[in-house]
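Heads up, the next two complexes both have chain A, just with different partners, chain B and then chain C.
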Partner chain A sequence: MSRPFPYTYISCPCADTPVPDPARKRRSRGSPQKSPTPEQPNVDNDNKESKEAENQDGDEEEQTFDPRSPRSNFSLYPPEQLLYCEDCHQIKCPRCITEEIVSWYCPNCLFETPSSMVRSDGNRCGRNCFNCPTCTVPLAVSTIENVTATGSQQGPWVLSCAYCMWTTLDIGIKFDKPTNIRAQLQKMTDATAAPALDRSRQASRTFGDLKSPLSSYASIDEQSASREANGEQSATKEDETPTPDLGTDARFAALKSFYRTQISETSTSPGDPLGSDLGFSSPGALNRLMSLYTSSSRLGGLYGGSKKPKSKPPVMREALTASEGLRIAPEKGDADVIERLGSHECGWDGVASIDQRKEQSPDVRFTDDLLPLPCLLRTKRAKRCKSCKHILVKPETKPQSTRFRIRLIALSYIPLPTLRPLALPSSSSLMSSPVPDLNALPPLRPIHVLLTLKNHMFDPVRITLATPSVTPGRVASKVTVLSPQFDIGANSDVWDEALQGASAPVTGDPRLAGLRGVPEAGKVWDKGRNWTTVVLEVVPGTLPGSEAEGGNEAGEDGTLAQQDGDVLEIPVFVHMEWDAEAQLEQQNVGKASKPDDLVARELAYWMVLGVGRIKTSL
Partner chain B sequence: MPPKAAKGEYIETDTGNKISRRSQIHGTQHIILGGKTVIQAEAVIRGDLYRLPSTAASTDPNNPPQPSNTPSVAITVGRYTYISKSAILRPPSRLHRGVHSYYPLKIGDHVFVGESAVVEAASLGNHVHVGAGATVGSMAIIKDFAVVLDGAVVPPGMVVPSWCVVGGRPARIVGEVGEGYGVEGAEGGMARERYRVVGRPG
Partner chain C sequence: MASTTPSTGDNKRTMSAASNLRHSQTARPSSPHTPQQQQRSGNASFASTTSPGSSFRNEDDAIIFEIGARWIRAGFEGNGSPVCTVGFGPEESRRVGDYRGWIQGASGVGTLPQPVNAEDWVRDYELWRHDLRDVDLGLVEDKIERAFRETYNQHLLTDAGSSRLVLTLPSLMPHPLLSSLLSTLFDRWRFPSVTLLSSATMSATAAGLRSALVVDIGWAETTATAIYEYREVTTKRSTRAMKPLMQEMGRLLTALSSDNVSEQAAKDEIAVGFTYCEEVTTRFAWCNPHGDVGGSAPDPGRTISIPSPTSPEKDFCDIPFARLSEPVEKVLFASGVAEYEMDDEEKSIPLLLYNTLLTLPPDARGTCMSRIVFVGGGSRIPGLRQRILNEVSSLIDRYGWSAIRGKVLERQRQRLEQMKISSQSNGEAPSTNNDSASSPDEEKPDPSREEPEIDFVEQKLRRQNKDTPVSVQGVIREVESLGAWAGASLVTSLKIRGMVEIEREKFLQHGLAGATRDSEPPVPDRRSGLKAGDRSSWTLAGWA
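Then we have the complex of A and B:
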């Protein structure tokens, strides 16, 4: 229902198969395996009893797909999102593929970031791309000076948001150069090296100098001064430079190195894997644990089960000084914060929202602590089939390129379904408007929809369509496919089409629709080079509310509409057969097979046609 | 073409552009249509907001006839691009060195601009979909195969990478379109079909 009517979704069969396995056909699964897994989502109560008996072969033949069941949400995809694995001969949805990152790039400057830099940059753009901390919009680098046309642009630069008009002046930051802003910002906000005290003093002074007269928060200087006097933690300053504390990043680095040395000092044996600077996350940590257990048990067996450990393990201490990464909670930190929250110059607007805070360092409480955020990188990803590991999609690495080296999309294999309401000539249907309004289909009045299947393969395809005669769900609509079996021509050379005249299929298709007469059972409606149109006759059912008396109607209708119960969706089972050239197979698999042989192939899947919304009343 | 099309709502040009008689197109000499472009009723296209030559910019009142001698392009629209009802195309503008000047707006092929959308982008790539009621801010760049959802507000200067879906106010990247996006006849590839049915009775 995310798309306007009419729409078509295709169901990936992976929802029914717990583990996609190319070696085994779905049909050959044994029944004991089947019954516990909720195979087909819409197991009606009456079907359930009969299921045991008939699930020997292919229960999808017996059961219809219910687009309304909660489970179908996970298997229905718009056709263009699906891929096709040539090895498994199956449709692959985003759930049955694995992804690999091909390249990282910044969505703002569209520069590729080499994978070695991604980690050090924290998955963020290392150039000039920043997002606004208040509204997430990409910030622009602009100059403060009002330069005339003659003068060259220079002077202090700021990052400004064109959406919410936030600038770095609001937090008192200006930049000397318009390039490499991330490094400049890092330098300003982080006191990474050197004795923290003088440096932070200096930094606070520069901040005071830099603070713009436009800044509405005149309190930065006073605050930092008072905080330094108290020797307090700067819970409110964005970079904590005024205190003899390290910045967040620097503190993290200090803690990391501290714990590293602790581990190496306390490690029991010199050969201990933890002693090396691999850290806890390394597999060495696991090794150490395992060796502890195995050695103790073995020793226990040897030495008569003495439980006492051989030696007391050395104790790791915690960080003690600020240079080791310790930060002492400020004496009156919370009181200060509360006081500031209540003060007039802060107010509601001065407090950072949850959305803003979750992107920032944990200390940030107020809007003037918010720092511009370097843009998160995006990735280009290759996609592989989960079961056979064949590569299905491989984009070019360059961020700007939209080309693919490999792109096996389902649309090149399965026919592309398009749905269109049929405007009947006025003679057959008397008073209805030429094209029915799909958002308000009158119940119990038959409509005809045209389903066009367009073949993108170079082989002709035989199609068999099947629908349940009555759609599942609370509103039972009757559906008839007037010609369920038909052929679609091959997607022959483009030149053929050009030579035939590009307008040939064009003229054949919709303009004559009105003149084509009434739809007849057993006849395809229209046919082109590589497409075929068939007619579906649909009698929308009545909504439960509309049948009842008027008082009941409103409530029923409300709940039904909320659940999209009034949407007319038709499940259609598509079975396609074609003779593929074995050559193709040979190329891909590399297996020797008879060269000029045709291999019969078949593919079957469910698709859902969203026709429209049923009106409550006639 | 049946005779009805001749006196229909749309003017069809030699290159197959279908332009509604009720659209408002200003500064036609500054607009390039790629052919088979559809412009629907009440769409506003501001070709009159073209960039003045730099000499004229500095000495504005001196030579106003100069721009007419060398018409600069304000809006370029690609093939099979569809401008829906009440959409507004306006060249982006920027304050550059103290002078407010307009920049060309480039729209690629197979682009859809939804009903009452406002587009002020620097460029829309090919197969871009701009939803109904969306706003694309000044100097924004929307790359190929990107989708702007209905009602989104793409802030000025934003870059939307290819295959990305943006939505919300302000717009953020909310997802990606599938690999099959833009295939002829599928989602993103309906431009020819859209063009075909324009101006047809029924």
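Then we have the complex of A and C:
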């Protein structure tokens, strides 16, 4: 599996509450006049919701969590990745939180990007951080000339990849100075756009990622778009090629300015389907109202005698020239591309792979067209509980700091499960093998695994474990929890344990010694200050089609061949109860608060224990 | 023209009004005190939850997602290309903390331990399939949720749910899929509204056209959608698309890797990794633009080396370049299969185009046939588009615009012709008979190809409109599009509101069932400007 055996995963309880389909809900209730009721679950806090879910589960006779189902991949998390909401008293996974971005930074140079710059930089680092377009390694700025001559490294600069030895020289780009490479690159690529015209269509460079399209188009859109359109028109007039080769973004800008002018030209007419909505106060609306009367009625002459009868209102037309964004496919088609693909100098590595192309402009086909990619920014995000909106995680804003102001991780509230195989002492009569090899468990031979639950709360916890006696899925392994109900001590002062342990340091507690030895049903294996270990007896099932079954299911091997068919995973339902000190706010609200300020709390979730991989043969 | 003078004066006002509108639009979702939201008292606190960092940002730019069976494209309105393209594969549906993809290399590269049925082979890599009988909608919801969350967190870098969402979807979506998509989005995040745009229309818009024949060579199916004045007129679809192509390529590579193993066992089973096969397909699948007869094909002896199917990580193997065009020929052009053997849903792509054009009224046909737009993953295969157009024009040459085929018809027509000719002039009958047998088109010239008689009304009209440019019509012409995503970005940035704008509160009350059944959307309301802001009812328009 993903992690070395043995491992544990916790399923977030939010997986039990399906996405409410409003339509389904309405149908089931059958009372459309009660429209506010379907919203109830959203307003309620999660506690109730989870109880409802439990009830639902109870109705559906305790559905066993199946770690093998494809959906479980989306609800299982390593315990350390889960959060806990103190107000809902629920485990929170990335699916049941909302995130808010606190700051943006470049993971390479750790500079924080101000929020106003993020979008204009296209969510990428605006400085010198680039990734190799072929292998995604960060690129280094280096000189071409040997640095040995003088200390004043003058020479032209390139970006080079230390891993695959790709440099910007491969695509013919050099830089004058080693700083502000991105601006230089942008300028350069804008300049090379014109020479790109005579290249073939597929080989044309488009610099979509590098230009910051939003800064120019969205904010001062009209002005800049028209400017660009003018520039393109002049360009097309210069070299009267039938299909001048605009890059993707240039074409997009041309189309946009074309549509803009078309809309503004035709929006006064009532007949256009694309006219933008005008406010009623606009004189244009009045104008249109008047023209409605004059044009539609035959008595137009009465009202607007001076006006000549209106001719057909202008209709938005389609783009007609290349400067308006139209591009007609070239006559010769893709012949040169095919020629190049089949040629020997291109080869497999000459064509960009899917992963390489994903980040680049959509027209890129060959590796020659790949451009260095500015580093994608990362974010620091605050996380809130989705249902009650309380902050669960709040990191410090500075990119360099790894500290958190608030961080409610689930492991401080739920017991940390750890799993290890039990090596029985050699004196034991059961078997002499030390530790079973978890990557090759022999089928049908019982093994014992120790499940330790460690409590991090300051209250003692009562735990009830439940597991299906036979694991779901095709490989039916038998599982028995030898002592399903036990207590875990509070996470009290460490000195307590140290003092206790000092009384009998070497010989060991006689009570513990009695516990050791043969695992026994109904008895806790081991117990410490804030942890308890219990034994699970597991009999791995036989893989279908293996020798143990005589290979009678060999025909269905296709399903087993899918990954991890042989992994032994045990779903365990954990139910924990504890008496928490009621906090002030809960005291006011909580109906269940006991007189001594203790509130009974409970939490239940599914956990998946990955024990090992089953061998095919005995 | 008379109307141009006032309109230029109105230009500025139009723009300023539009920008006013923009502000008023954006103010709406952020203010919590609209009556609708006050009903939901528990949500009043949401308005104050935006972090200080995000409040500076220009949040009103809508976010555009194009969702297909294999990929999601996402980005901001007004951009020319999407910020990111995210796929759906086994790597994307692993458990959190499962780093096998990094440790062992991505799955699907090497050979599979056992050959897999071609359908199972692709199943893990697609988000959904239109046959919902074997689709787990819950799983689809999970995948969508994760894909959206990670797209927002890693690529878009804005707070999810704070701004409008525009989805570009194929115009035919099963309602359960649409419903679970929308309810996932609305339930998980607080999107104020979701606008649906039809991808075919958007592709036409991104080509700068008002009418087009959009051919989307997608994953599960190829659709040919005729769009006339921004309206979808007809759609025809065929299962000859990228999925069977990929499966065919997988079979080819499997056969290459195991040339000695029993061929019949590997008949429908694929033993090579999907990722590897997809790499080969996207890199080297090609198509001879001139069919079998063309002379410009690369010489048949030419070979290229691709990573060997048995161990793609290590060695390469040589393969004739021509073989890599075989799957394209076989799957997309159905070479070697007669037309009558194909079901309606599996016509070859040229036939699909021809049939779509045939169903159009002549005016629309003339307009659309010279505005053919290819989009979708398959349109990247070099030579494919030219080949399709060549075949379509040869179909038109052969049959004209008539759907009637068959031997009986030919015989009947010949007999009629004979009767006619024999009544006119007895002497020349046999020779013309031979001619007509060879080329049935010549005996009665197609009306579309006749010299049009001079119509004085037309002439007058033409004189009137002589400043408006004459649109190309009636010839096969291909226009390149920037794709559906770019079209949606374009349309959204022009502040054009979509027909289907689903507001959060209304959807959460009734779901898809809340949509009005009106097939006619409330167009007059929108245009008068009276009800620009609120629509009392919403419609699913084409998706209903």
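Throughout what follows, the second predicted complex is superposed on the first by the 339 of 618 C-alpha atoms of A that agree within 3 Å, B and C clash if a C-alpha of one lies under 4 Å from a C-alpha of the other, contacts with A are read in each partner's own complex, and residues count from 1 in each chain.
The working rule: a residue touches a chain if its C-beta (ideal position, glycine included) is under 8 Å from a C-beta of that chain, and two chains touch if they have at least 3 such contacts.
None of the values given here were measured: they were computed from a predicted structure.
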Quiz item: Looking at the overlay, does A:402 come into contact with chain B only (first), chain C only (second), both, or neither?
Solution: first
Quiz item: Now for A:576: first (chain B), second (chain C), both, or neither, which partner does it touch?
Solution: neither
Exercise. Spot which of chain B and chain C makes contact with more residues of chain A, would you?
Key: C
Quiz item: For A:451, is the partner it touches chain B (first), chain C (second), both, or none of the two (neither)?
Solution: neither
Quiz item: Is A:109 in contact with chain B, with chain C, with both, or with neither (first, second, both, neither)?
Solution: first
Quiz item: Looking at the overlay, what does A:251 touch: chain B (first), chain C (second), both, or neither?
Solution: second
Practice problem: Once the structures are superposed on A, label A:416 by its partner contacts, choosing first (chain B), second (chain C), both or neither. | Solution: first
Exercise. Once the structures are superposed on A, label A:185 by its partner contacts, choosing first (chain B), second (chain C), both or neither.
Key: neither
Quiz item: For A:611, is the partner it touches chain B (first), chain C (second), both, or none of the two (neither)?
Solution: neither
Exercise. Tell me which partner A:78 touches in the superposition: chain B (first), chain C (second), both or neither.
Key: both
Exercise. Once the two structures are superposed, pull the chain A residues common to the chain B and chain C interfaces.
Key: 77-78, 81
Quiz prompt | Touch list for chain B against partner chain A, complex | solution = 57-58, 97-99, 137-138, 143-145, 153, 155-164, 170, 172-173, 177-183, 185-188, 196-197, 200, 202
Quiz prompt | Residues of chain A touching chain B in the complex | solution = 77-83, 105, 107-110, 135-138, 140, 146-149, 151, 153, 161-164, 378, 383, 393, 399-400, 402, 404, 407, 409-411, 416, 418, 423, 434-435, 454, 506, 510-511, 514
